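Below are structures written as structure tokens.
Two complexes are shown next, each including subunit A; its partner changes from subunit B in the first to subunit C in the second.
Up next is the complex of A and B:
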């Protein structure tokens, strides 16, 4: 053990970790929908006969569907996560877990881990490259995913840490993300993931003309917000319209010679282009969304990996989100008080999660929601969202194709946008405008038992999600 | 007021239902080039139903039917006319006879539907060398014609020349169209700028079209609509000046004077006519009173 932490098999690592019934295992999601690690670990655990586990995973994708079998078989009895894709979400919404899922945020999760509120017994770190002592990184190897930001709090706080890699290199591996000081065991496997699923399929700019109109307006809102000046900092999601907004923002920054400070969050090639074009001095990266971002974090010292805590923890002495000027976010629903739902669809079935939504909304000076007025005939503006993922007090403006609704709490922004001649509309009028097109939908069926608790970044209960019968 | 006209393919439900939200003064529901032959039926029915059921939020509706040398145009009118479109756009209009052919069919529908004659206006799309040469004859062929529209893509193919961003190859056509339209006292619309990602290019192109005398400009991208509206709207300075002109004229009348100067320049009939146009447009934009109030 002194000079080598490599163990012969995953089963051996699990045995050595001391994992027992009723304990908590954790996973991170940098391999996204290409991740093999959660499935291979849980399969091994199930075969070893260990039961009644809590899985604390920073996000769950549909590739993790085998987890549902482990839930049905009693191997897994509790789930904590920040995001859940629709396939798993539907099963959870149908009520397959007796106890509610605990949804946290990307900042709340590390905060609760570090404060001891959600202790982890064994953390499994999917590492695209590691040396035999566990110095590991996401920047290299055939399964390279770039940043390992979400895995840091797990590695630093779990009772036992197992690194699983498909690229074992000689000691010492330099330029590590997680150092050997936190790692107990290293397991070499053939493949930790499928590279085609690791890189997001959503990092393409939208070609939908309506999406481009919204993106254009979003960029204009930023331009006239008073925040777009030298030192500007910015975050956007990887949705098509958000990326288009970033592209238009880049055009404005280059044209007006504005030199920003940093871009942050999940990093895409579009933000990398902005860094390389001089729009930003640096990128603060908790997760890479595409190959261009992976290449950049590997080669550009101004592209900095950060931990989940550094990104967004509310209990850290400070976090990147606290220095953000503008964040562009999405919504499945938004209500007339600007509360945003990103957890469920319009029927109340789980299909997402906060991720960094409410963290960045709380931190940024300007939090913008960009969303179409309706999707598949369903209006996105409602009297009350099915689930409050981010409270309306943290949202400044909603940008749609039909107009821009400013939260009345931000009168300065309202005046600025009106002065700029942008199409500002009261959110109630916008809701009426949408319903003239879509009609007013019948309310979704309420009731059922609580299948998930939505925990705000400070640890308080923000909302609950109730069961939806499976179709 | 019709500054911008946005093309929406007749077979794109998502764009059609969003049409009213995209800021254009007029929507051109396209049944012609954007729709492949095997989708013509579906597009006609879709556009008909959009016109029947959707709130287009005050946008004028223009339907580009198929040209009269195809088997489709009468079937297009059969579906569209009962929805009482504001305008029918007639593509590939080459001569006055084309206008009269379409005019006769539209008149038959108006009669059958109990509509006042010439309720539905006709906007010939001129996109051939023959059409350009016949522009005045086309524009003045029927009372139904309210505007003519230049289509540069097909025209440059007909001219056997390359379509460029600078547009030197369509300079003659543009000038000829404006001249013909103004002589016939109808509106005239400029061809779309087709590079949807060139934000500077659309502005330059629209400003150039305005400088030649075009009433407005068509667009194939919703992103261009805002710039087109801006370019073809009077500026606040123009509006303020127009009100000053009208005040000066009123004063001249009160004082029984035939002529009056404003800022050292004589106010003559064309200046008054332009001021009246500017004020009418400003009031339609909802800014006229605000500017007057500032005064």
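Up next is the complex of A and C:
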């Protein structure tokens, strides 16, 4: 009888999983920049002498820098991810991998896993609490991270599934996220992560006056979009100006007694406040960003955990993003055709990724980019972005402190905002206005060889990223 | 105008520039480190020479550490460094 899946060590679990040269391992990123699991697994794999692996990680943070050594040593030869922080990104941009990184989206990744396009041999699930049979959850334990949304497709489709936990509890663990039916082995370790890097204590809204002006404008755009009425649904990122926009939106919703249906995405305390204030009926949560969100998903039945597929998969029968009214998104660059770059910085070096950017932009009725006119002298608006992360056809409006540019494809929105007396400008004029302040930047240098392919949510190649010499 | 002592102006904050100037004896020597070198490096070097010429400085070593400052900011930082370096 198989009534205990707990194995004595991580090395033993890897051995039992049958991991061999050339296979694919996967990781999820709910422990964010506090994650110890990817590093401890890859270190163990390297010591066992297994090589030529593909790492499929939903996101990579700078805490995962030891991965660069495994790349140099040939332990890892292929990377698939949806987001890569700047430290890892610089190394990839300098060309340390022979084959290009495959960037997907938070919806495209689970879709491709489920369709068998990117099979996983062994999935390693960082679980803040698990029982000996692998019923596990992110809601409890010293390393609690809340939702385990991105780990679901890995657990449900990998050939072998290893749960790694630092809080092993008696069977059965109720209120599981991932059930034992998918889990092969359970490993108990001292710490799966560093709580201070897993969730922020509190996420704060910006105090920068420019950010507050943009946020106020963003809320006004939503108010006059025709979408802000009972049943309204909304998503925003955790950036300072986006959160400030959520706060202004909340004030409008409370004042005008508007009862929305749901907030979605990566959830912060601000969305939790909106839920508790009655702005929304529910929250659909694929990832928690702060302690308040973790507390809420643990205690409030109207705060619902969703899988990555349920969140954003284009091949699911439907996903949450398909029912979104408004999403507020960021950009490192946007061009005059409204294409958005969130993959590279102004020198072309990788420092991000789509995450759910293009999924929510494709699904939402109103996709808004909120960004300052320039950052450290670099204009936000260009003739052509260095990398297309989200195609311009899915973006409706750009909000900056200097004016609001509406994509000409959305004439209805343009008329509504003009009627409301909001400062609407043509994006070409806005670009000129910015360059009168910053000067016109010299054209970007040609990059070297292709270091990353940006794969759209439907599996097609959207753009490529070329190498940048390391400083 | 003559630079008679080392002087500084500005900060290393984002969107500012940190300017150091010191006496020199072989014309203007300019060193630039900028986060927007690729996009604005040449224009910043031209600006530095222009501002120093406007101030009547013929000999000086100037080092600019630029964190993405607008042109007006860099100009002000250079002028401030010159005023402090000319001594009284």
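To be clear about the criterion, the second predicted complex is superposed on the first by the 467 of 471 C-alpha atoms of A that agree within 3 Å, B and C clash if a C-alpha of one lies under 4 Å from a C-alpha of the other, contacts with A are read in each partner's own complex, and residues count from 1 in each chain.
To be clear about the criterion, a contact is a pair of C-beta atoms (placed from the backbone, for glycine too) under 8 Å apart; a residue touches a chain by one contact, two chains touch by 3 or more.
Given the structure is predicted, the values throughout are model-derived calculations rather than measurements.
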Contacts for A:209 in the overlay, against subunit B (first) and subunit C (second): which applies, first, second, both or neither?
first
After the superposition on A, what does A:378 contact: first (subunit B), second (subunit C), both or neither?
second
Quick check for you: in the superposed arrangement, does A:442 touch first (subunit B), second (subunit C), both or neither?
second
Which of the two partners, first being subunit B and second being subunit C, lies in contact with A:423: first, second, both, or neither?
first
Determine, under the contact definition given at the top, whether A:347 touches first (subunit B), second (subunit C), both, or neither.
second
A:304 contacts which: subunit B (first), subunit C (second), both, neither?
neither
Could you say whether A:315 touches subunit B, subunit C, both of them, or neither, answering first, second, both or neither?
neither
Given the superposition on chain A, which partner contacts more residues in subunit A: subunit B or subunit C?
B
Set intersection of subunit A contacts, subunit C complex versus subunit B complex:
437
Please output the residues of subunit C touching subunit A within their complex, sorted ascending.
14-15, 35-36, 38-40, 42-43, 67-71
Spell out the residues on subunit A that touch subunit B in their complex, using ranges where they run on.
208-210, 212-213, 216, 251, 373-374, 400-403, 423, 433, 436-437
Mind pulling up the subunit B residues that touch subunit A in the complex?
14-15, 17-18, 20-23, 54-55, 57, 196, 199, 221-223, 226
Residue positions on subunit A within touch of subunit C in the complex are 346-347, 375-378, 437-439, 441-442, 444-445
